[in-house]
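Next, two complexes with chain A in common: one pairs it with chain B, the other with chain C.
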Partner chain A sequence: MKTLVRIVAVLIVIGLAALAAIIFVPVQRTGPTEKLAADWQAPAGLGKYDARMADCAACHTEPGGKPFAGGRTIASPMGDIYTPNITPDKETGIGTWSLADFRAALVDGVDDEDHHLYPAMPYENYRHMSETDIRAMYDYFMHDVEPVKNQVAETELPFPFNQRWGIRLWNWVTLGNPGFKPASTKVANDEQLSRGAYLVQVLGHCGSCHTPRNLTMAQAGTNETDAKFLTGGEIGGWSAPDLRGPKSAPQQWSADELKMYLTAGRNAHSAVAGEMKLAVEESLQYMSDEDANAMVAYLRAIGTNGPAPAEAPMKRDETPAGTVARIDAADDPTTTKLKKAVDLTDGERLYVDNCGACHFADGRGAPEVFPSLKGNAAVVAKETGGLIHTILYGAEMPSTSKRPMKLRMPGFAQRLSDDDVAKLATFLRGAWGNGAGPVTADQVAKERKTPTEASH
Partner chain B sequence: MVDLPGRPSRRSFLKATVASAAVTSIPIGLPHAKAAELPSLEDYKPVYFDAAEWSFILAACARLIPSDGTGPGAIETRVPVFIDLQMAGDFGKAADWYMEGPYKADANPLLGFQSPLAPAEIYRKAIPVFQDWCKQTHGDAFEKLDAETQDAALTSLEKGGVKLDPELRDFFSFLLQNTKEGYFADPMYGGNQGMQAWVHIGFPGARGSYAEWVNNYNAEYPLGPVSISGERA
Partner chain C sequence: MARQDPRKDVVVIGLGWTGAIMSMELAQEGLEVLALERGDDRDTVPDFQYPNIIDELKYGIRYGLMQKPRKSTLTIRHGLDDTALPYRHLGSFLPGDGVGGAGAHWNGQNWRPQEPEYRLRSYVEETFGADIIPEGMTIQDWGVTYEELEPYFDQFEKVAGISGKAGNLNGEIVEGGNPFEAPRSSDYPMPPLPHTYDADLFSKAAKAKGLHPFPRPSANASEAYTNPYGMQLGPCNFCGFCERFGCLNYSKSSPQVCILDALKRKPNFSYKTNSEVLKIEKAEDGKTVTGVTYFDEKANEEVFQPADLVLLCAYSLHNVHLLLLSGIGQPYDPATGEGVVGKNYAYQMTGGTRLYFKDKQFNPFIGTGSNGISIDDYSISQIDFAKEGFIGGSYITAGQTNGRPIQSMPLPPGTPKWGKAWKEAAGEWYGRSMAIGSHGSNMSYRDCYLDLDPTYTDRHGRPLMRMTFNWKENDIRMTQFMKARIEEIAETMNPDMIASGYKKDGSQYDVRPYQSTHNVGGAIMGAERKTSVLNKYLQHWDCHNLFVMGASAYPQNIQYNPTGALGGLAYWSAAAIRKDYLANPRPLV
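The block that comes next holds the complex of A and B.
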């Protein structure tokens, strides 16, 4: 008995010592992964370009606010996180930060006083940024960004998430080696694929939404050799679609259509919505043509069943004038029934009454104007929040230099009851071979209460 | 039954009751059970019209689109409600019309609307004039006359047999126009209750596109209408 007490006591002491070490031993910062000359100058425009590719503005610029002045609320599963001011203002921004401080935030997830940042900041991905990109972005934020005095409220998460030392443990478990190395020889041996991999994995941090999270909420895979990498995640009740499976967009669409989607926000099949709209609006539309080709090539190369077929399975080459002929020719069961318009179910009738004017009886809409609902990622998604939200509150395409018009779908919250929306969404998920499960009125009621923020 | 002054006549009361019965018996299956939530026409509290005016509007609408024709009448489609709401709204106030002078109310009608009065004021001033004319000519207020006499009185009003000041001369054309509008407008404006007028003429409502029917010649369109608020019939 005495021995047991002694063992327990020793264990407690060791435990407390370990805890004290976790809490009080200073953070070890990672040094630069590449030696650059002291007088190294970033090529003109690189810092601004990198900041756009990393999409700093998506979180650090409030809608309607001054660039990078922070204050945007990020709704995390643990509570609301307020993004900091990253303008070079000396009092409320990062004006006093050294290059080492700036690098530590991107690579080690700590601020200038070595406090841990919440992993809502995707340092899990930025960690692998090249030293040249870090230096270029530092110069940009220090010299080109306008300082803005904006004191952002301190993030206050409930216990235990407010114990930031816990993040240290998470970092130990989660973070890989700093710097970027292509994970597979196929990518390493191809300059374009390597650049694409860097854009997707690091700067673009695509995995922060499109890779599922593991038990510790870390990305369950960081590169193409991990089976779960980019196979679809969840964000705010929306599914971020799978980008690698045989039915995923990079596998189904042509390279040109994928490039249009990423850079223009719309293509012959679909249009961006939710968080992806922000990504296109603030970041991807500014991709250089070369980088866009690299990103597309990489995404098409990493399918779970191998590279995307050269001939795209999903193709559209129609003209607007061909819409009627297209609908007349469609003979799948759903379109055939809608065309006859006899003995319609409530879901079918709701579609004809509310959606058919734009998306048409064959559900295929019109290229670059009305997204196709057949095989549409948001329609068949595992998480139904995106579909329900879009029916209730509508959606707006971003204005991009390639496609400036902000085409807007109206919301139907006033026109349809929860039961109507459930029936309609259930119909859409089953129509035209979509083969996804039903939606309940309770799910609609829940979504109706959530703010309309996601559609911006 | 004695008609109390200021109360709708027995005739319009009966019609309104029949109408509300007709409305509540619309096949269930409407997504929004608005029909059941509405007060009957009898219980409706006008927003613009006073009780005497309201009695007249009920009776006049009932003759302009009668309930014993081939389709629903103005009463069961709640056309008077539409007119009341229009009078209380922008149309009644001529809110977006040019209403600055000069006014030449007796100008040639081909020159268009010339009255200094907004439509709601024209109703307000013209109804008592017409009621006085009915009492002098036919011995009673309009709503208490029999249907045939009412028709004759309205015909006189239309053809200029009732002397109205020039600034009120558009009264009958407004009354007729607003009655037709209330009959065929979307139900969200108070009339065309349950889209009965649309069902009657086979108008499919606010559906928006019929691309799949363009090449489908001589086929009967099988769907009932849908309203702007999403009601189906």
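The block that comes next holds the complex of A and C.
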């Protein structure tokens, strides 16, 4: 008995000591992964470009607010996180930060006083940023960004998530080695693929949405050698689609269409919505042609069943006599039934009455204008929030230089009941061979309560 | 004392088709452009969104998108000895207001005029002799030729995204297109829309008579399309809510769909809505304008907006009204024929024949604004004016544009307007008739003109504009000729009965029933300053930094719908400003 008490006492002491160490021993910051000359100057425009590719604005610029002045609310599973002001304002921004402070935020996830940042800041990905990009971005934020005085509200998460030392443990478990090295020889041996990998894994931090989370909420893989990397995640009730499986967009679409989707926010098959709209609006539309090609090449190279086929399985509609000819010719069971319009189910009727004008009886819409609902990732997604939200509150394509039009689908919340939306969504998920499961009125009721989230 | 705002390089009055085109073209030059729109801001979503816009009562009957007469109207009279009265209820024509202008709520019938139409007086004199021109007819040449304009028609058709089939490609006649059109440098950017049953019957009947049917050129998209600005149209679904409505489907060409989002990306472009321009301000020497004074509705005050270049891009009638109110150019005097502003107001001569078939069902709810099959066999270039005794021509079309429940219930003549008999007739005849329509020219006359009304004023205290207009014998003869041709075709189609509606001898201009919003002239272009307001580049003869767009420039009305012609003219004028005027501002002629 005495022995047991002693053992427990010793364990408690060791535990307390460890906890004290976790809380009080200063964080060891990672140094530069590459030596650059002290007078090294970033090439003109690189910092701005990198900041765009890293999509800093998507989180750090409030809708309608000054660039990078923070204040956007990030709804995390742990509670709302308010993004900080990262303009060079000395009082409320990062104007007093040194290069080492800036690097530590990106690489180690700590601020200028070594407080841990919440991993909503994707330092899990930025950690692998090159020193040149870090330096270029630092210069940009210090010298080119307009300082804005904007005191952002403190993030106050409930216990235990407000104990930031816990993040230190998480970092130990989660973070890989700093710096970037292609993970597979195939990528390492190809300059374009290497660049694509860097854009996808690091700057673009695509994995923060598109890679599933493991038990500790870390990304279940950060490069193509990890089986779960980019195989689909969840964000705010929307599915971030799988980018590697045989049915995924990079495997189904041609390289041109994938590039169009990323840079123009729309292509012959689909259009961006939800968080991806922000990614295109603030970041991807500015991608250089070379980088866009690299990103596309990488995404097409890393399919779980091998590289994407040279001839894309999904083709652009190029029916010579116009869209009516295409629909007249379509003879799949769903289209045939909708065209006949006899003995329609409620879901079918709701589709004809509300959706068919743009998306048409064959569900294929029109290239770059009306997204195809056949095989559409948002329609067949595991998480139905995106589909329901879009039916209720509509969606708007971002204005990009290639395609400036803010094409907007109106919302139907005023017109359709929860039951209507459930029937309609269930129809869509089963139509044209989509093969996804039903939606319930309860799911719709839940989504109806959050009209603004993700409806950027 | 008016507020004064900081100077702009360019101020654009009105943000419809021509305002959007000119703003875009000059913003591309890097100029600071401000557009002032008197109406509300409008966009496809939310203003035209499904299903709200599909409301015939609100938009079709109560004119939801049109100008409100209590805010803006004019007075109308038939002749010089009559007293004009205000046009208090919209009827004969429906000017719009708001961003997009009438370009948001048109049908989308988009044509190029024929070659002789641009030099009509010369063509008539050379071909038939000056003596066939009746006394009092004041037709003129435009001062610009089709050949000069052709590249700019091409440009407008590519921006607007027109569906159609070429009939004359660089002089080569193409089977299935309009063989009587002027030569085109390229085909339409989209294939024609499929047409409806009524058009099909008409097409076969016309062909059997040796005529030349072709698909009517359409600003309703037949497929997905991206224009040179990167703007996009989606394929039309034949919902039949075009004219009087905004398009819910991104299918009808409009400033919203074809230009505005691209324009709004330009940091050097801005626009203000609910800002009605009251006056264009003239410089002391009278050779330039200094800017505009407008009423800022939100601030409830007058604002002087200085600008180096003023582009008048309002609806044709408002263009003329503003010139008259601003004292720019000499007002036209019908007694002497002197003066130019307000001269040669003209309208559109239309008519139609309805064919009733007991055994046919036309499903009229399937339609688009510019659906149909047309013939141009009786167009201006094809008619012997000396032989027929009139100057002018028409295009003839069958193609249902809508089957809306209130306005599209054509019932045989004599049917009561309500009650049991009406119900029975509606049950028997809904969907069982089709129409063949004539859309024709209207010549200009010495006593058809626009000036300031001596009695009535608007809410700003400005005199209303007065329209003096009536139908003339020449144009009635023209439309009667079309009636005979159409009835000949109709008879071969074996209908159970027909009912024709055309202006006839003694017909007076009636402002109550809708006819067309094709009011032209009043600020006409021409080769000489004595007889026109604008030179061939749409530049004002007196004030060289004022350009006036739109159908107010037409010296008489063409046989076609006016939009295609004014789109081409806007690009032509924009090119002259960009290439020639900006580097050295001066009178270009």
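Everything that follows uses one rule, which is that the second predicted complex is superposed on the first by the 451 of 456 C-alpha atoms of A that agree within 3 Å, B and C clash if a C-alpha of one lies under 4 Å from a C-alpha of the other, contacts with A are read in each partner's own complex, and residues count from 1 in each chain.
Criterion: a contact is a pair of C-beta atoms (placed from the backbone, for glycine too) under 8 Å apart; a residue touches a chain by one contact, two chains touch by 3 or more.
Fair warning: this is a prediction, and the values are worked out from it, not measured in the lab.
Asks: Touch check for A:Thr323: first (chain B), second (chain C), both, or neither?
Replies: A:Thr323 sits against chain B and chain C alike.
Asks: Please indicate which partner A:Thr185 is in contact with in the superposed arrangement: first for chain B, second for chain C, both, or neither.
Replies: In the superposition, A:Thr185 contacts neither chain B nor chain C.
Asks: Quick check on the superposed pair: does A:Asn305 touch chain B, chain C, both, or neither? Answer first, second, both or neither.
Replies: Neither chain B nor chain C is touched by A:Asn305.
Asks: Where does A:Asp420 make contact in the superposed view: on chain B (first), on chain C (second), on both, or on neither?
Replies: first
Asks: One more residue to check, A:Gly394. First (chain B), second (chain C), both or neither?
Replies: Once the two structures are laid over each other on A, A:Gly394 reaches chain C alone.
Asks: After the superposition on A, what does A:Cys358 contact: first (chain B), second (chain C), both or neither?
Replies: both
Asks: Looking at A:Thr3, would you say it contacts chain B, chain C, both, or neither? Reply first, second, both or neither.
Replies: neither
Asks: Once the structures are superposed on A, label A:Pro410 by its partner contacts, choosing first (chain B), second (chain C), both or neither.
Replies: After superposing on A, A:Pro410 lies in contact with chain C but is clear of chain B.
Asks: Considering only touches as defined above, state whether A:Arg349 meets chain B (first), chain C (second), both or neither.
Replies: Only chain B is touched by A:Arg349; chain C is not.
Asks: Shared contact residues on chain A, chain B side and chain C side combined as an intersection?
Replies: In the superposed arrangement, which is not itself an observed complex, chain A uses residues 323-324, 354, 356-358, 360, 415 for both chain B and chain C.
Asks: Taking the complex as given, what residues does chain A use to touch chain B?
Replies: 323-324, 327-328, 338-342, 344, 349-350, 352-354, 356-358, 360-361, 412, 414-417, 419-420
Asks: For the complex, give me every residue of chain C touching chain A.
Replies: The contact residues of chain C facing chain A are 43-46, 49-51, 163, 190-194, 222-224, 226, 229-235, 237, 239, 248-250, 257, 261-262, 264-265.
Asks: What part of chain A is in contact with chain C in the complex they form?
Replies: Chain A residues touching chain C: 317, 319-325, 354, 356-358, 360, 365-370, 394, 396, 399, 401-410, 415.
Asks: Which residues of chain B touch chain A once you look at their complex with the stated criterion?
Replies: That would be residues 31-32, 207-209, 211-212, 214-216, 221-223, 226, 228-230, 232 of chain B.
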